[in-house]
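Chain nomenclature is as follows: A, B and C, assigned in order of appearance, with residue numbering initiated at 1 for each chain independently.
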Amino acid sequence: MLHGYGSSILDGAWLTINLALTSMTMAIALGLIGAAFRLSPFKWLAVLGEGYTTLIRGIPDLVLILLIFYGGQDLVNRLALALGYTRYIDINPFIAGVCTMGFIFGAYLSETFRGAFMAIPKGQGEAGAAYGMSGLQVFWRILVPQMIRFAIPGFTNNWLVLTKSTALISVIGLQDMMFKAKNAADATHEPFTFFLTAAALYLMLTSVSLLVLRYLEKHYSVGVKAAEL
Amino acid sequence: MNKTELLGALALCAASLLAHADEDSLRIGIEAAYPPFSFKTPEGNVSGFDYDIGNALCEEMKVKCEWVIQEFDGMIPSLKVRKIDAVLSSMSITDDRMKSVDFSKKYYHTPGKFAMKSGNVINDPLVDLKGRKVGVQRSSTYDRFATEQLEKAGVSIVRYSSQNEAFLDLAAGRLDATLADIVNTDESFIKTPLGKGFALVGPDINDPKYFGRGAGIAVRKGDSANVARLSAAIDAIRSNGKYQQVMARYFAFDIYGE
Amino acid sequence: MILDYNLIWENLPLYLNGALVTLKVLLISLAIGLVLAIPIALMRVSRSPLVNFPAWLYTYVIRGTPMLVQLFLIYYGLAQFEAVRQSALWPYLSSATFCACLAFAINTSAYSAELLAGSLKATAHGEIEAARAMGMSRLTLYRRILLPSALRRALPQYSNEVLMMLQTTSLASIVTLVDITGAARTVSSRFYLPFEAFITAGLIYLALTFILVRLFKLAERRWLAYLAPRKH
């Protein structure tokens, strides 16, 4: 039924999952930094953070991917040449994909984390300061663990959007699931079969993610009673 | 994962970013979606005339070849930013392209041809296709020809990322015709079940201004070293019979041209 | 770093035409999507599993698969079947604009339906009781009380959805439509200026985003005036 392309699509699925997880790691790092910037008392940091978010939310993912991949490579190499580094710097498509997705979703996550940080009662941070903890200690030991519980709904949403956006990376030639499905469709002239397969696989990915994240939400909400509607 | 693991992972990512390519290897860009010149087998391996010729050339030059698969319209930008060192993907040598890149000698030469529903007759494309929809692959010589000649004559041009998408739409009836390489059209469309009821129509599209002097291997502007060794290798494999061996695997006629 | 902007300037008409295509696709998709979303949302808040389940499945599948896959299925996938090509729908399905609008409309209908369902569920119960006490039929209840207030409450989240849709329309360029992204790809591949071409596209999208955000602020001022903070 799949004309022998089944294993190649599964390879692509593996790459998709890999890409999503790696990008999410980078996005979490950028998101925490972005949220910290936006909540910082320094005006220029807050403006920088907000500019980052506005830019990413205002430009389509596809345009950002094409810009960062083609334009970004051009930039890196022009800079390298200017610094006298004549050997080419090889940025493989996977790294390019990870950096692009990480950069884009870092912005969305900084929004989510910002909201989550703001939901923590102010007394917590103040108590930490009263104990003599430094700013960084308050951040890592008090704020971040409590923020996770508030961030999970938004994070779930961002994760799901990320996994689906990875399909766009096929446009820059990364051989993810979408790319492989398209190859198979082109070679066999049966686009419906292969795109339906891809859709089913993405749906499985989404469903599994939802189950895992729902479990995480329960885990982090231990001891907290939900509102009775 | 904890803080140290996270930092370690990030450091590894940064380090791999700076992987250098080997000096004595050649990174060649190929589309792998243009049968019979380059395509992917069901197992996922690259195959085709371009691929085999490339391997033969590398063997001749005693250089390690690394194939990079990517979309056709990204080939020259990738060449410019040094992602690849050469393009061996049925890229025609044209004056326009020579403004951005240098070419080796040609390694084959085939004209372009329209594909349409059987029974159509085209004597003069500029007249007979007026008001009709013609599909081309973005960034190809056919795209340039279509944009500068056909579009100005009132023909509607639709651009696709891959030639296959154009064939799909032609078969579906969304296009009246496609304009592409005669061999590629024949192999990957006309001869397949999808192309039933379609035929190669009209005159050979051969205007040297757009279609130049055949397909060559593109390298960065000023990279005379690669131009020299690639051209020498092409001559070598033509004289020692390797070229003819590869050609016979795919074509029953001489595709080199004069 | 000298950016070659002359060529971009010369090709501005292509971008502007692209912007018109983007807006056309956006408006059609949003309109059809919203019209589809209302009945689906009503199904989603129903307590009967027979009514709720199909709607849940619809939104689950649409929200769980990438937009790109849905677009390819509708544009290339359907065209694969001879039966579809001979059918009465073909004149519509053969048009790239129709296919793109259909795919986007289905996508936004799923997200909007979930949004509206949440908003409907948040209706103050007192309003429903009062309407029932006044003897309103089910239809009148929906028409005069539930939907107007739910639609209003959904406005902030719907504005987000509209902005996301604007970004999503860029995928239309992948199925041959020459919208803003399509214009950028044409220019980028013709002149080998990817950086300049895509930055221009990005700027145009940013401008459109700002305009839409402004428009929604005005809409909120009109329809959510009762939720605005006190001015004095």
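To be clear about the criterion, contacts are C-beta pairs under 8 Å (C-beta built on N, C-alpha and C of every residue); 3 or more make two chains touch, one makes a residue touch a chain.
In this text the structure is predicted, and so the values were computed from the model without any measurement.
> Averaging each chain's C-alpha atoms to get its centre, pick out the one most distant from chain A.
The most distant chain relative to chain A turns out to be B.
> If you tally the C-beta contacts for A-B and for A-C, which one comes out higher?
Looking at contacts between chains, A-C has the larger number.
> Centre to centre, by mean C-alpha position, how many angstrom separate chain A and chain B?
Here chain A and chain B have centroids separated by 34 Å.
> If you average the Cα atoms of chain A and of chain C to get two centres, how far apart are those centres in Å?
22
> Give the residues of chain A that touch two or more other chains, as numbers and ranges in rising order.
70, 74, 171, 189, 191
> Spell out, as numbers or ranges, the residues of chain C touching 2 or more other chains.
76, 79-80, 174, 185, 188, 194
> What positions in chain B touch 2 or more of the other chains?
77, 80, 161, 165, 168, 171
> For the complex, give me every residue of chain A touching chain B.
Counting only chain A, the residues touching chain B are 3-5, 7-8, 11, 22, 25-26, 29, 70, 73-74, 76-77, 87-93, 95, 98, 171-173, 175, 180, 183-184, 186-187, 189, 191.
> Hey, which residues of chain C end up touching chain A in the complex?
1, 61, 63-70, 72-73, 76-81, 163, 166-171, 173-174, 181, 184-185, 188, 194-195, 198-199, 201-202, 205-206, 209-210
> Residue numbers of chain C touching chain B in their complex, please.
Checking each residue of chain C against chain B gives 76, 79-80, 85, 90, 94-96, 174, 176, 185-186, 188-190, 192, 194.
> Please output the residues of chain A touching chain C within their complex, sorted ascending.
Interface residues on the chain A side: 55, 57-64, 66-67, 70-71, 74-75, 78, 160, 164-168, 170-171, 178, 182, 185, 189-192, 195-196, 198-199, 202-203, 206-207.
> Which chain B residues qualify as touching chain A in the complex?
Against chain A, the touching part of chain B is residues 6, 9-10, 13, 16-21, 23, 33, 39-40, 42-44, 69-71, 74, 77-78, 80-83, 161-162, 164-165, 168, 171, 192-194.
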